[in-house]
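Two complexes come next, and they have one chain in common, chain A, joined by chain B in the first and chain C in the second.
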Partner chain A sequence: MVDTTTMQARSTGSLRVPRYAGWIGKAVGSGLYRHTIGRLADSRRARLALLAGVPLFWIAALHIGPIFQMGRISFMADYPQAPDGGSAYTLANYELFFSDQLYFMPFIRSLIFAAVVTISTLVIVYPVAYYVAKIVQPKNRMRALLLLLIPFWAGELIRTFSVIMLLANRGAVNVALRELGFIDRPIPMLYTSFSLSFGVIYLLALYMLLPLYSAIEKIPTPLIHAAADLGAGPFQRFRRVILPLSKDGIVSGCSLVYLTSVGVFAAPLLLGGPNTVIFPEVIATLFHSSNDKWPEGAAFAMLLLAVSLSTVGLFMRVIGGRSVRLM
Partner chain B sequence: MRPYFADLPKTALGAAYWLFAVYLLLPLALMTAMSFKDASFVAFPITDWTLNWYAQVLNDKQFIEASLYSIGIALATTATATVIGVWIALLVSTEGIWGKAIIFALACLPAVVPGLINAISMRIFIRTVDIPTGTAAIILSHAVHAVPFVVIMVLTRLRSMPANLVDAARDLGADRFVAFLRVTIPYLMPALLGGMIFCVLTSIDDFVRTFFLGGYKPTLPMLIFAKVQGACRRKSTPWPRSCWS
Partner chain C sequence: MRDFTATRRSTLKLLAAGTGVLAAPAIIRPAFAQSKVVNITTYDKFVPQSFIDQFQKDTGIEVRIRLTDDQGKQYNVLSAEGETPSTDIVTVTGHRLSQFIGSKLLTPLDTARLKNWDKLASAYKGAPQLTVDGTVYGVPLLAGFEGLARNTDYTKASDSWAIMFDQEYKGLTSYIISDFLQITMRYQGNDGDFVTYEGKPEEAQAATNKARDYLIQNKDMVRKYYDAGSEVQQMFVNEDIYVAHSWSGPAAKLIMDGHPIEISVPKEGTYGFLYSFNVVKNGPNTDAAYTFLDAILSSPEIGAAMSRQSGFASAFDGVDKVLNDKERAAMTLPQEQTERIQFFSSVNRDMKNEMVDKAVAEIKAA
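Showing the complex of A and B:
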């Protein structure tokens, strides 16, 4: 209704165009604006087109497009296709994965690695999140949280490097142990699956901390009191009240950590050794050793994507969190 | 209040918190100490101290160039991702649009796809549409990664916005575009700032996307990666790159 009256008023010229202060006012008052955006803003059709056009194009082209194209290439015999090749689609790239242990083992290792990292992170971070959310006085809560967030401003590679200096043969831990007389020669910790998990947990703890914190903070403290009044001990209170109510946080934290650690790439290059080759390294090698292995790489990436997303989906189903909240 | 918690293992939780804080902060503190060490190799113990390394870095042309390049990419990423993110959020929050849930889910897709797969699919994609590897490709992939987070932050804020604010502006004579510029955008400012900070941080920090999509000009993470790898080990990367020599 407002639309039509303004439009009529404008076309007949009986109502003066409203004036605003500042540069917006000047721009809006100009004839150019009234004949372009001003007119668009008054028509519902044009407005919808303007509103939907760019987002839909972006999502279709850049969110779906790459995954779709990767899926398409994974069925191709070779890419780029030979000029006369036409459409040579094949399942050979997927068969290759299941036929060779060289590819199969790192895949399994990757999934186990991600699961172990996720569970360890959950176990390590849960008490910390609970402490900050429920035991620290509300006025100190932000400070307690910020202290833990400082390291995450330092960046992925910097933190990886700092883990190297902690665990290397002449790193801090080994030197300290030797000075204290516990060991004679350094314990080789770097380039093992220990250093890799240690580093990845170090990198990803934040993704677990924030969802857990926000979920636990939302639990009404009177509920915990009520459970105590009704005779529940600390363990029972945790199992029957706190744990179920923080389910949302557990689900989003675990999903985030799992999905990130499945695709972790820089850390294995720096912290891993020959025995810890995980799947991302295999995929990367296929992509860059030479250009003609792209279809295999695409097929492997599709497998990793499908398996990791369905694992997370299954996990969410089983635990029963409502949705993944990213923040 | 206190008696109820008295039996909770409070001290244990406090200890867990402080141990965790030490775990997070100690490696970085050690690295900072190492940066003052007066020797050309990375190892403990530290006996002599120097500020020399900082002087060297500040005079290192490659480092300065890489930093500026990274900052430029981060700014371009932030601008792109913020505009697109707000646009998608507006679309999703509009009433009476078919398939909003699907649009929202697809808008969030890049946030749940593991980083490596994101990078690889983008590498395939830019080859399909004939964009060369390099600055444009990096910015595009960083923006795609950041958009879901901007959308979520802006949507959260938009949902808390009273609808009558825009109505009031319209009653006072603003058309929809002006109302958007002068009412909606200022209301969204906190979410926009949060989103922008997130974009800048993730873009400057990103390694895996730049690794697959970058040209021969190194960004800051690429340079740091090359230096760290040179300092720590000889295991070769999947393939050689001329910018690391």
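Showing the complex of A and C:
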């Protein structure tokens, strides 16, 4: 719909229509343009709708679209389909998960692993975020934050390989311990639950650090001083003042770390051992297996997505309350 | 920061930019389909860079390499692209060929278009692994086998796969589960390639389960299950493992580089495989693909460079004369060990894949 003011301006000839040269001018002057996009662009509301359309289409096509396609494949009997054949729809791929105990253990292991990693990351990163936000001089805060962020400029795989070089039998830690005379034989640290957790926490610490820093930095320092003046000890100040006021950051950071760690794939593949197989590896095996098992893999991926989103939703509702939002 | 005002001009500019970004995928596909380009999906270090540089200089055809480390991944990508593949040449192992052909992903090879076809070693020219119903589907490149690799500094010599289950090396072994399951079946006196189980699913399942249970029972022997050759190389170099099942290429490469590694075929035998370059059906640059394939066959030096880089034995004639003694020693087995290699067959693949995949998942989950 054309604005009334625009119509009036047009009728009086006072509307300044931009002039374009060359083919753009011809295109803008054409009847097709004037009766379609040109007419829409006259209205402020339509312009906003047009602008919103691009990002909405982007989100739908590149974010929701692949998940929808994955969901569609999860109900198919065969995929990839033969060039000359179709595929029936079925629930058998979901039934497989519930009927075969084989897949249940890695699934539970994944959820527990993600929960442990999330809690550990919170415990490790919280003091760091507090230190940067409250102890470091305000003029040096950005510098300190930048120092913490530098490792994250490298890719995830590079950082994973750096963990391997650190923890391998001939890695930096074992070499240092041997040179210092603490050990004769290397301690097998790599390809264990320890190396996997260490690596994933290192990879995901940033997702916890930034929301926590943001939340803690906003806590008024005089409030903490006031609590101290009123006789609250360090622990009581933390429990009664700092922790409740940084709840938003905790919930955001935990949600991000949990959702990322529950689906983490490359790090377990490189750092994990025979007893640390988690669900994303099982899903990947189904996609890479010799017989085409994309539908089963897609069904399992949808189950993981549903359960992890539900868990985070529940967590945000119980811990976060109404004020909590992601980032 | 100034507030954004959605004027006519800014709206149109943003719309144009957004449309351009969204249209990018449609622009990318034609970019692959240029007559002066050949897109190749292959393993790391299979095609020597020196050859690529020379080929590009001589023909003006740009070589675009995409790396894969797994036949399944390569098959999945090609399947997903369907009728409009963006790659021209893929690297398929002989025993996986039937799967690619069955899904109509490859086109028969027109050997008449390859004037250097005769430069292949006679044993590999139209090798049975690459021939289906009398039609040749691939240019053989490199041959390898599933070997027993060990660190000679820390382990004793062994002529049996039993060393993989020796308590002395507890937590110091590694293998690719699907491959080693088949070797374990062979170690237990069964047919790990399932050829003799055609029409006998109960017998095949019993043999598979027996090997699966044995591997689960000995799970504490394993440091890590791996997938790619580079992983086993890294574990040997870092001394995280002392004994492993390994493809011959990665182990031979370590030997060539001077690491204390030995690769052998134990008395129970093993399986061999043949890598080939295959022309993709409906590939965007088929003419350029044939030009590339003909060029790669042109001299034994190219075959030798491929062997040096990958560690696998070349299928090209005359390569032995080009390799030096150290390289030859790393890739050559004693005659009695060579005779223990049985090439993987494409017979009864579906049953084998089904049972092996299930057993692999069970071993991982146990």
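Operating definition for what follows: the second predicted complex is superposed on the first by the 258 of 327 C-alpha atoms of A that agree within 3 Å, B and C clash if a C-alpha of one lies under 4 Å from a C-alpha of the other, contacts with A are read in each partner's own complex, and residues count from 1 in each chain.
The definition used in the following text is that a contact is a pair of C-beta atoms (placed from the backbone, for glycine too) under 8 Å apart; a residue touches a chain by one contact, two chains touch by 3 or more.
Computed from a predicted structure; not experimentally measured.
When the two structures are aligned on the shared chain, A:L177 is found in touch with neither chain B nor chain C. Once the two complexes are laid over each other on the shared chain, residue contacts for A:V307 go to neither chain B nor chain C.
By the touch criterion defined above, A:I164 reaches both chain B and chain C.
Once the two complexes are overlaid on the shared chain, A:Y103 sits against chain C while remaining clear of chain B. After overlaying the two complexes on the shared chain, residue contacts for A:F287 are found with chain B and with chain C alike. Of the two partner chains placed by the overlay, chain B and chain C both lie in contact with A:W58. When both complexes are overlaid on chain A, the residue A:V277 reaches chain C alone and has no touch with chain B. By the document's definition of touching, both partners, chain B and chain C, reach A:L269.
Taking chain A as the reference chain, the count of touched residues is higher for B when chain B and chain C are set side by side. When the two structures are aligned on the shared chain, A:L147 is found in touch with chain B, with no touch to chain C. Residues 18, 37, 41-42, 47-48, 51, 54-55, 58, 164, 168, 170-171, 191, 269-270, 273-274, 281, 285, 287-289, 294 of chain A touch chain B in one complex and chain C in the other.
Contact residues of chain C toward chain A in the complex are 6-9, 11-12, 14-15, 18-19, 21-22, 70, 72-73, 76, 79-80, 82-83, 96, 99, 103-104, 171, 178, 219, 222-225, 227, 231, 234, 237-240, 349-350, 352-354, 356-357, 360-362, 364-365. Against chain C, in their complex, chain A makes its touches with residues 18, 37, 41-42, 44, 47-48, 50-51, 54-55, 57-58, 61, 80, 82-83, 102-103, 105-106, 164, 168-171, 186, 188, 190-191, 269-270, 272-275, 277, 281-282, 285, 287-294.
Taken in their complex, chain B has these residues touching chain A: 1, 4-5, 7-10, 12-14, 16-17, 20-21, 23-28, 30-31, 34, 42-45, 84, 87-88, 90-91, 94, 97, 103, 106-125, 128, 140, 144, 147-149, 152-153, 156, 170-178, 181-182, 201, 204-205, 207-208, 211-212, 221, 224-225, 228-229, 232-233, 235, 237-239.
Residue ranges of chain A in contact with chain B, taken from their complex: 2, 6, 18, 20, 24, 28, 37-38, 40-42, 47-48, 51-52, 54-56, 58-59, 62-67, 69-70, 73, 124-125, 127-128, 130-132, 135, 144, 147-148, 150-151, 153-166, 168, 170-172, 175, 179, 191, 202, 205, 224-225, 228-229, 233-234, 255, 259-260, 262-266, 269-270, 273-274, 280-281, 283-285, 287-289, 294, 297-298, 301, 304-305, 308-309, 312, 324, 326-327.
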